[in-house]
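Next come the structures, one after another.
Shared chain: subunit A. Partners: subunit B in the first complex, subunit C in the second.
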Partner chain A sequence: MATKRLMKEFSLIKKEIKSNPEYSNVIFLEPLDNLFEWRCILKGPAKTPFEQGKWELSVQVPEQYPIQPPKLKFKNKICHPNINFNTGEICLNILNQDQWSPAWNLLSTAVAVLLLLQNPEPTSPLNIDIANILKLNDKMAYDSLIRYYTYRFGNAEI
Partner chain B sequence: MKGLLKSTFTKKKKKQDNKYFDASDRMDMLTMTEDGGWKDLGHGGHNESSKITSLEPQIENQNEESKIDKDEELDVEGGSDFEFESDVEFGDEEIDDELFEEEYRNVSDNSEQVFVQQESPILKVDDGTKVKTSLLFKSHTTKDLVKQMSQQCRNLGDILQLDEGDVINLLQYYSWNSDRLIEAYVDNPQAVKKKVGLASSTKVCQHKNKKTYKNNSFECFLCCENRKYTYSLSCKHEYCIDCYKRYIDDRLNTGKVITCPECDLSLTTQDIDAISGEGESIKLLESSIKEYVERHIMYKWCPSPDCGIIVEVSNLADIPHLLEKNEIPIVLCDHGHQFCASCLYENHSPATCAVAKKWVDKCKDDSETIKWILTNTQQCPKCRTSIEKNGGCNHMTCKKCRQEFCWICLGEWYRHGTSFYNCSRYEEKDKNVKQVGKKKKIDADETRESLKRYLHYYNLFSVHEVSTKLDAKRCAQVEEHVRLLQETSGISWIEAQFLVESANTLLNARRVLKWSYALIYYCNITRYLDIYESIQDDLATAVEGLSKLFEIEDPEEIVRAKLDFLNKSRFLADRQNAMLSCTKDLIETGTLPTKL
Partner chain C sequence: MNGFTDPNHITDPTDFKTTSIPKIFEIDSLLRCHICKEFLNAPMLTSCGHTFCSVCIRKCLMHTAKCPICSKEIRESNLSRNVVLEQLVTSYKIIRPDLLKKLVVKQDQQQNIIDKQPEVIDLDDEEDEGKEEEEEDDDDVEEEIIIVEETKKRKNSSSIESMFKRQKKEDRKPNPNTGVCPICSKVYPLEELQTTHIDACLANPQPKSEPPRLEKTIKNSSSSPFSKSFFQPKENINNYKKLTKLDYSSLSTPQLKTKLSKLELPTLGTRHELETRYNEYLILWNANCDSINAKNPKVLRSQLAKWESSIKVKFEGDKKLDKDGWKELIKKARESLKKDPVNTDNEKNDARGEIDCNQHGD
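Right, the complex of A and B next:
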């Protein structure tokens, strides 16, 4: 079941990424050697401290996809309140079983991660330090710290 | 020999042989008693006639404490004083039935029911020990509760003028808090419906949910295959029925409202039944039980692993009063597990709830490593081989050097066998600290001493916890052996029941012993503690005695050892009750102050 759906998604993604400006920050989203492991590269959204950064994500698709959500993980380090700095784990509600809906697809999930970069949620942090800075509303510290880490680690290549 | 003759039954009955044994002489005495008498006494009489049980002489001796025990001839008075009433002839059924009925009606009525309804009833536990409780409670299986829940949904549906399926969704959304639901719904029904995702006008919309396409012409959005049968809600989001089924199966056990994959419209039980097959929607209720039980505090899950019984306590308000009196609100689930309704641990008597809670918290703090080392291995005191305990009994024999030793104190076993069992006693080390103002050193010593004290009792506690598990395993094995024996030789089911009862006695006593170590840790060191400890020692000896018997594996030998089983489990039950009542006395009179 998942295979056919993933094939279809793949063909759709190729078209969409090129044509639709909504997906301009998803630079790359293709399966590796099989359809259940994908590689994704995201560009930091403009007008955020993540601008200019490029991050690679690994996408693990379960057998039961799309009933069950894919697992996404950042491969290179990123400094963000809802992303574990060391493991790259992402705290995003739609990636949980409860909130996931089969109506989502891999591309929309990638976009959801991009939206998370723009709209961090400091109340459920995986990176407590940067979340505290955000909570204290120290915009300058938050931005500059992230910019540093973006410059330092946000350089994935296609 | 000492003992109290509390029977005045002889008035009615011509002759009764009442034998009384002193507790300390007992083990020897019992083995000397003739076979027949004991067999009859213990278990032959168990179901030959229920009237046999009436033989317990209780007419004039009706003080509140000695409650009549329907199945047991034996009654233990508080403290360490023991009486044995035995050899009442069971064949004799001429004892006044009237009298029996008057005296025992309540008891026999009561023991048939699960719902304990008397003012201060005695819980019958199948090993013959008694548990006092003043709680009213009732066991439910998950199925009962599902029925109750759907009944509640129907009732609420009548009130709110809604379908049962809709009400289930509403309740799930409101975590089964019906008050909150009614409040919100009365306030603004449309908003609530929208929030939960109910179709706002179900009756008007005659939407056809199930569709059939010719030539598999429908392409499902989820699996991208061409399909014939589809399903959709009134939102017209249509998917193939297989995908829908998978989607529902995946979510049925979350206990949450299932919505359409694309929008917030919720699936009702009718939809689920239509998609997944009749009766599937019941799973939705089953998965909500957890939340339901959490929401309603009168329901308590039985804490035993994989038990799944829910006990409903009807006089919840009495629990604080019980706790004030240092009583433990024990309830009994239908599978025979006793647990405390206040802290939801296993029955932790003699330790009070406060002690049990502190103890469990304390044990949690300590690192897993200490736990593992303490509980799982010891070195043979002679050859230093690491030994892992594989049986319940604390009498160990090293496979390598044949050294026999005690698992608790690592001392040679023969010391335990003949004289006192005192290895569970905590010896305070003589502190030869010079008085010359070295307070710091004393403090450090005290800390170390207190840690050592804790480890000592923790060790004992966990040894018995592990032993309980091993015992349970072994008991199950032994029962299996006997079942085999029943099939091959002609031993009846009744005759083999002594094993089950002994096993229960053993497990219960071990539990009491275990928690008594937790209690003693929190006790101040006074001279009363010595009394307590000696009773504890006696209990420990009795436990090991019975546990040892369960190591017999040959079924025929087990049957031969029946007498031994009976004697030792009877003795053990006595010791256990002595322990419990002694603790209670000590706590109540304040002679055993607990430092909490």
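Right, the complex of A and C next:
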């Protein structure tokens, strides 16, 4: 089931990614040398401190996909309350088995990560420092720190 | 290459986005399962009103008892069959390739619209043409497109009608070289009917469910997909009894083996393998019971064997395609794009882009 569905997703992504404005920040989403390992490049959404940044994510698809969720990780460093600065691990509810739904696909998962960039959740942080700044509502410190790290590390290339 | 499907057979709703009736995109996507993204196979209605393939939703509910769309709690026992939908999917699947072929807007026609070739522009005032600013020109183009589409629609609908008319005629005047089997009421070539088929049909009542690989027959059944279930409801439903889940904790390994051998399944392997085998077969079997065109258990067993071997390959860590295998796949995909007249140039460009990207990816 997984391979067939992944083939389908791939052919759909090829068509959708360029034409549909909903996916304009997903610059690249393609399998590597097998269908169970994908590479994704996301662009920081406009009007956020992540603007101009580009991050590479590794996408590991389990054999049981779509019953089980894919595993996503940031490859280059990103400063975000819900993303581990060193490992790139993402804290996102839909990536957990109990919140994941098989009706989701890889593209919608990538969009969910983009939404997380726009809407951080400081109550379940993986990067405590930036989460604390957000909790204290220091908008200026939050934005400028993220902008610095975006400038410093957010430069993945296709 | 284990498990990889032929790229030619990958269809998706966006195929219709480039046709003269892009709205069919919606119908096409509504007839698909949200889990496997294929056309619904033995669709099951949940208590919350959503529909999935029987196999998919059963597999899903084994993990979490939640609807994949609205995440309401649902139970496997509350699933109910959706017969009309299954018939709808069956007949849609048959007409889909023809529909796509008839509705596809040829590349040069599209170009005509964009380039505003004289034939199309004739419909409008020529005076306006020269004077108006560019923005309004765009409006003109849109009107033209609508006109072109309407004429196309008319043409297409008439050709679709004629398609059906032709089929009806075929029904009335059956091919003299074929005949209807009195037992399973399917059409076979006369020769096969007289020599082998009737004996086989009498000896084994199952072949009914195995559709003979004859185009004629498929067409016939497509013209009246519902007649079967209307006139012979008992034959297709409940030919097979549903299997029940096993309580593995109270079952010894020999007992489990006898259960498996009763179902004519292999009894080799570790306890864990036996359990996963039974679970998978349970899903396949019960889903098969939900289908109008239930398959022969033999088919299910071969599906199970295929599934098991694919799992084994993955366990051995051999899931990676080697470089050559991957290149082969890309080559195939490319060829299919070239061959398939339905695909537009647009997609070809995409495919090229993809290969370039892959090289970067390496």
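Just so it is clear, the second predicted complex is superposed on the first by the 158 of 158 C-alpha atoms of A that agree within 3 Å, B and C clash if a C-alpha of one lies under 4 Å from a C-alpha of the other, contacts with A are read in each partner's own complex, and residues count from 1 in each chain.
The rule is simple: contacts are C-beta pairs under 8 Å (C-beta built on N, C-alpha and C of every residue); 3 or more make two chains touch, one makes a residue touch a chain.
On a predicted model such as this, the values are computed, not experimentally measured, just so you know.
Bringing the complexes onto one copy of subunit A puts subunit B in a clash with subunit C. Of the two partner chains placed by the overlay, only subunit C lies in contact with A:14; subunit B stays clear of it.
By the document's definition of touching, both partners, subunit B and subunit C, reach A:98.
In the overlay built on the shared chain, the residue A:77 is in contact with neither subunit B nor subunit C.
Touched residues of subunit A, counted separately for subunit B and subunit C, are more numerous for C. Once the two complexes are laid over each other on the shared chain, residue contacts for A:5 go to subunit B and to subunit C alike. Once the two complexes are overlaid on the shared chain, A:34 sits against subunit C while remaining clear of subunit B. When the two structures are aligned on the shared chain, A:135 is found in touch with neither subunit B nor subunit C.
In the overlay built on the shared chain, the residue A:66 is in contact with subunit B and with subunit C. In this superposition on chain A, the options for subunit C are 42-50, 114-122, 168-176 or 186-194, and subunit B clashes with just 42-50. Subunit A residues 1, 4-5, 7-8, 66-68, 97-98, 101-103 lie at the interface with subunit B in one structure and with subunit C in the other. Interface residues of subunit C, counted against subunit A in their complex, comprise 3-5, 7, 10, 12, 14, 17, 34-38, 56, 59-60, 63-64, 66, 68-69, 71, 311, 314, 319-323, 326, 347, 350-351, 354, 357-358, 360-362.
By the touch criterion stated above, subunit A contacts subunit B in their complex at residues 1-2, 4-5, 7-8, 64, 66-68, 97-98, 101-103.
Against subunit A, the residues of subunit B that register as touching in their complex are 221-225, 237, 242-243, 246-247, 250, 254, 256, 259, 261-262.
Contact residues on subunit A toward subunit C in their complex (touch as defined above): 1, 3-5, 7-9, 11-12, 14-16, 18, 28, 30, 32-36, 39, 63, 66-68, 97-98, 101-103, 105, 158.
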